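In the two complexes that follow, chain A is the common piece, with chain B as its partner first and chain C second.
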Partner chain A sequence: MNTVQILFFFLSVLAIFSAVMVLFSKSPVHSVLWLIAVFFAISGHYILLNAQFLAIVNLIVYAGAIMVLFLFVIMLMNLNANAEPKKYWWMKFAGVISGGCFLVVLVSLVQQATELTGKQALVKEGNIGLIKNLGKVLFSDFVLPFEISSVLFLSAMVGAVVIGKKD
Partner chain B sequence: MTLLAFDWLLMIEKLILIAIIVFASLGIALYTTFAERKVAALLQDRPGPERAGPFGLFQPFADGLKLITKEEIIPGSANKGLFILGPGLAMTAALMTCSVIPWSSHVELFDRKIDLQIADINIGILYIFGVVSLGVYGMMIGGWASNNKFSLMAALRGASQAISYELAMGLSLIAVLMLSGSLSLKTIVDQQMAAGNLWNIAYQPLGFLIFFICALAECNRTPFDLPEAENELNFGYHQEYSSMKLGFYLFSEYINMIMSSAVMACLFFGGYDIPFLDESKLAVNTAAIIGVLALLTKIVIFIFVFMWIRWTVPRFRYDQLMNVGWKKLIPLALFNMLLTGAIILWQQG
Partner chain C sequence: MPIQYYIYFCLALFSIGIIGVLTRRNAIIVFMCIELMLNAVNLLLVAFSKLHHGTALAIDPATTVGTDGQLFVFFIMVVAAAEVSVGLAIIVMMYRNTHSVDINFLNRLKN
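Entry: the complex of A and B
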């Protein structure tokens, strides 16, 4: 085992453990904090793949901004265990079945994807994830999708302001 | 042993560097608390702390000892784990910033070239942003886990303030990045040091002003210390804390101040550059030591300005704070960004 493998297994175990803890935590605030730990582990994976920009943006946007807003809402609503709506056994059963089906579909999709067969992940090399190359690709090859998504963001922002405005 | 085949000497070198920088920033923070009291005294025309040691120089140690020896109280209704996690997170986030700041050029010891920077990563500035945005959690978790409505209100205020001012800060930074074309702090400093180049403050006065205001807000310093507004919120988000946990919160504020001063010095004031002096003519080690001193001088000047503002300007009202952030600073930063971009395009022809 070299350092990269040790780091990979450590991060993977951390990510999966935290993700499981998100589900099993009783308190919603704990769930949010475990979710932040998941984001950290995933950012670690991005760094192993030499996608530093993606790693840090993942932290800034998800852990730094979106999860803060999640915490805001949860703290202000003051949710606790006994305020949770009661769940019937058949609801849980249906949830497990549908979730399991979704998992099967995802796993088979990843297994059969032709783009992925015979390919290896570029660990510690490959420089498409560096900010310089990423910027060049985004503004030359993918400039149209990039601009369209920015328009989408702008309209979402305007929509949020309109909804949030009291009249 | 093929396990862990990497440069152990580099590892040891970096560990020593980390230890030195962490302890140095803690030491400086210790004396910043003292300086704060002395500057306040100076501005209010009174002597300030002067009993412990000559000129009161041992005062910070007395304060520290007092904090450590006080009784630790965890409120009965508090969430115990998170209550302890809060100050730890605040302190960790504050100290993590120091790893990408170039403290000086390099020294040569035992035939090794040692960079006086823990990690020169090519996303340096974004890393600082990431860490700063995590600092919010220390405040929020502490405020919520205290189970006190004043603490919670203060924590929410602090978090929303930090998020609001991060935007303007990022936008003002983009202009600097357009000039330098790099996110690495080392490269940005080196470009300002190169012969014929001025410091970035000459090209980006407006950007610096915006960045400075946002730094004040991010450090929760007056006039932006809404999370600690004692006449509205008793004491702020760390109201329920006692002993060294409170000490950690107070300390992390000073460390944040030091780190943001260092970042501003690197981005706009040439980092470890000394004006009108060609460092390449000096011996390597001398240049490095002079560089560290130059950067520290700049940091001290910034910290003095921070304190000067704190003891001169009254606190904003909450709606004023949000108005300044969203309606003044962000449009101004956007304007600055457009102007810089236009000038760069025009110069390229």
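Entry: the complex of A and C
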């Protein structure tokens, strides 16, 4: 076990534990905080893969902006932990069974795939994830999608204001 | 790092997201589980981009193969940010009308 593998397993266990705690937390505020922990672990994975731009964007956009928006909405609604309605145990049971079946089927599928054996993801090397290279491609080949995404943001902003406006 | 490890890890995160969507009834938590699934897919895209970059790097040291995958992840994040703003506005509107964020209240839409 070298350092990269130890970091990989540590970040994976942290992410999966935090993701499970997102489900099991009673209070929505605790769920948001655990989800922020998941995003930090995933950013650690990005850094491990030397995708530094995406690591920073993930932290700023997800952990910084989106989760703060969630916290604002939760605190605006003043949701209590006992506000969660009574739930049926068989509904939970069915959900866990179907999610587990999905996981088992896909894991067995990946285990049988002979194309994937011996393939290695390049860890801590390769410079395609740096801002210099990504920026060059983003502003030359992908400049039209980039501009279209600004229109998407404008329409999302107008939509959010129209929907959230008190009428 | 073998690519299978990344696939197993992302499948686990994605399945946790699916279980959350199926079992929880708080609309905000359901929404957060959708974000979790999006992030699992993002990480898998970056892992595959590094896989292809590694195989191309053995042939040509100056290659930029795999940049597209990481830009896809960037655009997914852009769309996710727009989606979250509209989705939370819908949840706020739903809370204002029903004074609850229970998604089972939404089945009154069918009448």
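Please note the rule applied: the second predicted complex is superposed on the first by the 129 of 167 C-alpha atoms of A that agree within 3 Å, B and C clash if a C-alpha of one lies under 4 Å from a C-alpha of the other, contacts with A are read in each partner's own complex, and residues count from 1 in each chain.
Simple rule for what comes next: a contact is a pair of C-beta atoms (placed from the backbone, for glycine too) under 8 Å apart; a residue touches a chain by one contact, two chains touch by 3 or more.
Since the structure is predicted, the reported quantities are computational estimates derived from the model, not experimental observations.
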item	value
Partner, of chain C and chain B, that touches more residues belonging to chain A	C
Chain B versus chain C as contact partner of A:A65, first or second or both or neither	both
Partner chain in contact with A:L144 - chain B first, chain C second, else both or neither	neither
First, second, both or neither for A:L76, with chain B first and chain C second	both
First (chain B), second (chain C), both or neither touched by A:N2	first
First (chain B), second (chain C), both or neither touched by A:Q52	first
Touched partner set for A:A15, first chain B, second chain C, both or neither	second
Chain B versus chain C as contact partner of A:F39, first or second or both or neither	second
Common interface positions of chain A, toward chain B and toward chain C	53, 57, 65, 76
For the chain B and chain A complex, residues of the former touching the latter	2-6, 79, 82, 121-123, 126-127, 129-130, 133-134, 136-137, 140-141, 144, 152, 155-156, 159-160, 163, 166, 183
Sites on chain C touched by chain A in the complex	1-9, 11-13, 15-20, 22-26, 28-29, 31-33, 35-36, 39, 42-43, 46-51, 53-55, 57, 64-68, 70-71, 73-75, 77-86, 88-93, 95-96, 100-102, 104
Interface residues, chain A side, partner chain B - complex	1-3, 6, 29, 33, 36, 52-53, 56-57, 59-60, 63-65, 68, 71-72, 75-76, 130-131
Touching residues on chain A, where the partner in the complex is chain C	4-5, 8, 12, 15-16, 19-20, 22-23, 28, 31-32, 35, 38-39, 42, 45-46, 49-51, 53-54, 57-58, 61-62, 65-66, 69-70, 73-74, 76-77, 79, 83-85, 87, 91-92, 94-96, 98-100, 102-103, 106-107, 110-111, 116, 118-123, 125-126, 128-129, 133-134, 137-138, 142, 145, 149, 152-153, 155-157, 159-161, 163-164, 166
